[in-house]
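Submitted below is the structure of interest, expressed as structure tokens.
As written, the chain order gives the labels A, B, C and D, with residue 1 at the start of each chain.
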């Protein structure tokens, strides 16, 4: 019986458990045995594992986090660590390894393929949506909605006090989360790392919006833009409006996944088991223009996914 | 200055207000004046209206329902009603009418085009997702998540009492809502009007699932399937398990739209204003394979959107 | 080492798990061993049980339902059943039994005390809030908020369509849930079993409210009032307004408990362990006028908790 | 006709609108005219106002923030400002002023009574719950639940990564919010300004809890405790566990009020109108041991509400 390993790596994202469930439920009926490695890549190194049966994944589709655990693992970035992982995989007779995670996890997976002949399959699961080869990652839609829920609450205070609120969302070095959140929240301005922030333009925009009758403003900013405390103070000083900063932080990672994150988890799980079954070589699953697809792991790691700047302009037009 | 009318019709859907906002915010800067007709097609007949300015649509992006109101209108299905509507449009010098609604509303719009030379533009807004020419309607994602939220709560009781729970969701005569909800909820069985319900198969499935160790079961059923009380009783009688029915009802229509419903509202609003600007003839906007598009109104009305039965099978496999 | 049994019985309520956690965490440090009986009173009869340690109750404070399971148990209403339960308790050397549940569960507990010398302690956990001796039951606040969340969504549709919406909430034969929900929702009318429904008064109230400028109406009705479908039809027929009925059903039982339900669970859990420690005879814990207290089990079972009709009148005044 | 003024002051709290609604709905039928002053005390100074009728407060019971607006007002802390406010009240023939707010707002109200013969009535509305003379303020229950919702999400990540999470909640200089949130969240440790933080004790507690098998930890800290970044770093350094800080911030102020906040708003609104009607002198409404009451304004301002340290110990016992 063929044995496939599965590991969740890097920052957790809502829907990781739904992916694990989908992989197990699709793999077992076609004769694949699924071994879960625990605590991210460190479990690969230290051979922490558990077999996953049909009932092991019962009732987890709606849980945030990951039942396998995740951990940062510096050792996996060294040759020594990679070799230990390779040995674990050999010892357990793993013929394919499914990695559930984001950009950083796939970089680690690519390193592993250089040392080992094992096939590695990626399932993009990340609140940052910064994985090349897929329009959307599992967990992204949930994080967008969590941030939106928070902003809808902050808007009450903004309106009551005629304030400018800056909401800092996650997204690491990219602006995908900020863009979707800002568009959905009706933010007057969205600051993303992909575009150099022009504070003068922000001052003018705020003044203009108040002249048009707006009584409060929401600015959504990606964490990758820079020191938002400093920027908030500058805006307050230069415009004279009351400015408040809210850093949403870790609440964006957790919670029951949305329908979309769960459905994507199901589709990706089925697709990746199909890749394993066909012994495809080092691929990452994805969805592009509504179609399930897969892309070579190295291509995914070496390319930068573009941010749709048209959406950014649309968001700002809609918030006039 | 060109004048465009806007009306929300039929059952309300979360995101209708976000569409109104998007239309107004995109139309005004290009010199279109926007007139809102109130209470659905009945406002067209009786000339109930209000002009919509930039600030009329402030702070509504996150509100369920519709600020323009909606109403059933039997008179609009008669020639007399249609002629009165046509006169209202002429009197107000409306050169294009934007109809925000679902299948039924577009059928009414098509009738209107037969009597009047006015161009009618459709924006699919419906929790049923049963509009041809678009993969998704505004409001659908919200309704799916609301139903999912409800099922996550019911699951607590199902598990605690080892029960079979049947959850009836909306969807009129189609199974789109039931399919997405069931897939996301991890339902063991999804009953849709597109497939004849085979109760024997349901009995067997339930028995099998209990033998595999499942302690409770969730069945998601579309309202279009038939009398669910009767079906629930039959299942209870034939399997011996405790069966409970929960009809989710109107909660599925309301609430703050999800990020996805709001973003789609923005995209559709921008697209429909573009159609008006280019004086395109009777089109309905949509999104197909991730791309914004538009389809002739008559084509939309005359065609039946297919339900993806592969997804149905995937859902049931994942719930084993 | 003294051994105490614990059982959850009857309909589940949010916070049952938080009570189990509190009991275990308070009992163990003072040298009590806790045995959980499973699936309600049927587990007492059939001796289904598990010991509960500190870690058995980790991470359950925010879960709806009950990890011990619950079940209806007709046998427990017979002498034969009670005797079997008594034997189980003797066999397991249980010196006190903690029953987590509502009115029906306490009636069963009282029956048990007649046959057995064991002390039984009640912890009121019920979405109905119909237990004498406490102003509030664990789970009640959660159910009120869940119903409120649903009504806030339905209100969107009510307002958009100028409808009268009747929302049927749970509460068995009492109106506690309906009263709190109606007051919090701003319902124009609250129908409770404690007051005979006068439909003429409802017709007049609705007409009056429309004359005062109200465009839609919310009526909250307890399930114990009677056949609400029939009442809805009567109201529609007699007033001419569009009337819709929404039966909230089982969603009211589930979900993560609110802060208040969890805090009450903690207080009740600590209090009941204190009763056990002091070998008090057959008491039910409660909170009266903000103070933790306990009442004799028989007194609890034999008395009917009054509904505060002043609150009902206040609610209707506030909704004018 | 007697005229009563109403103003919302200080930081906004969920339920302020529900109080405004209750005051208007109770006052009008007994012949009181209600004038709303806008933007907090600054509206009193500059005579910004609007009359409030029955329909002015329709559909606001479930809205966060305040329809009257709120603002910080430094001028109101000066004699000049107070005199201007007094003149506004005289000019508008206001015989009683209802102040909806927290501790700071009541201090301002007390100042006003020293210059003016007008009677001032306080309605405690604050997420901090730091008002003497009432066990609970309107908005507190909502803020507790919002923070709890956030922590339930963060717990997913904490558990997946075996982390210590410190959650900083609001509460100004007091620990009421932190205590209730911590108790409801099952936090291992609750840091409040009322008790000097002993970090050694925290280190030991964390170590002990990990030895007992806990895999992650939640610490809830009040903002008044001190620089939480520094504390987080210290804990990480001294225990070796991964520590993360999440500052919940402004999301705690907003959102639809919970049932309890809305019901309290109704009760307080009715009570304060009763005080106005009876021309009681400078009182603040409250709820003590489940009973509606009122306390002299000066007494409220001069006394410090005690924090229930027994609850703190209970919380920590329950989290072992």
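Criterion: contacts are C-beta pairs under 8 Å (C-beta built on N, C-alpha and C of every residue); 3 or more make two chains touch, one makes a residue touch a chain.
Worth saying up front: this structure is predicted, and the values here are computed from it rather than measured.
Within the chain touch network, how many edges lie on the shortest path between chain A and chain C?
Minimum number of steps from chain A to chain C: 2.
So what angle, to the nearest 5 degrees, turns chain A so that its CA atoms land on those of chain D?
A turn of 180 degrees brings the C-alpha atoms of chain A onto chain D.
If you average the Cα atoms of chain B and of chain C to get two centres, how far apart are those centres in Å?
35
Express in whole angstrom the distance between the two chain centres, defined as the mean CA positions of chain C and chain D.
29
At what distance in angstrom does the C-alpha mean of chain D lie from that of chain B?
40
Scan chain C for residues touching two or more other chains and write them down.
152, 155, 159 - these are the residues of chain C that touch more than one other chain.
Quick check: in the complex, which residue numbers of chain C touch chain B?
Those in contact with chain B are residues 8, 11-12, 14, 39, 63-66, 69-71, 146, 150, 152-157, 159-162, 165, 244, 246-251, 253-255.
Under the touch definition given earlier, write down the residues of chain A that touch chain B in their complex.
Contact set of chain A toward chain B: 21-22, 25-26, 29, 54-55, 58-59, 61-62, 135, 141, 144-145, 148, 152, 155, 159, 180-181, 183-186, 212-214, 256, 258-260, 262-263, 266-267, 269-270, 288-291, 314-315, 317-320.
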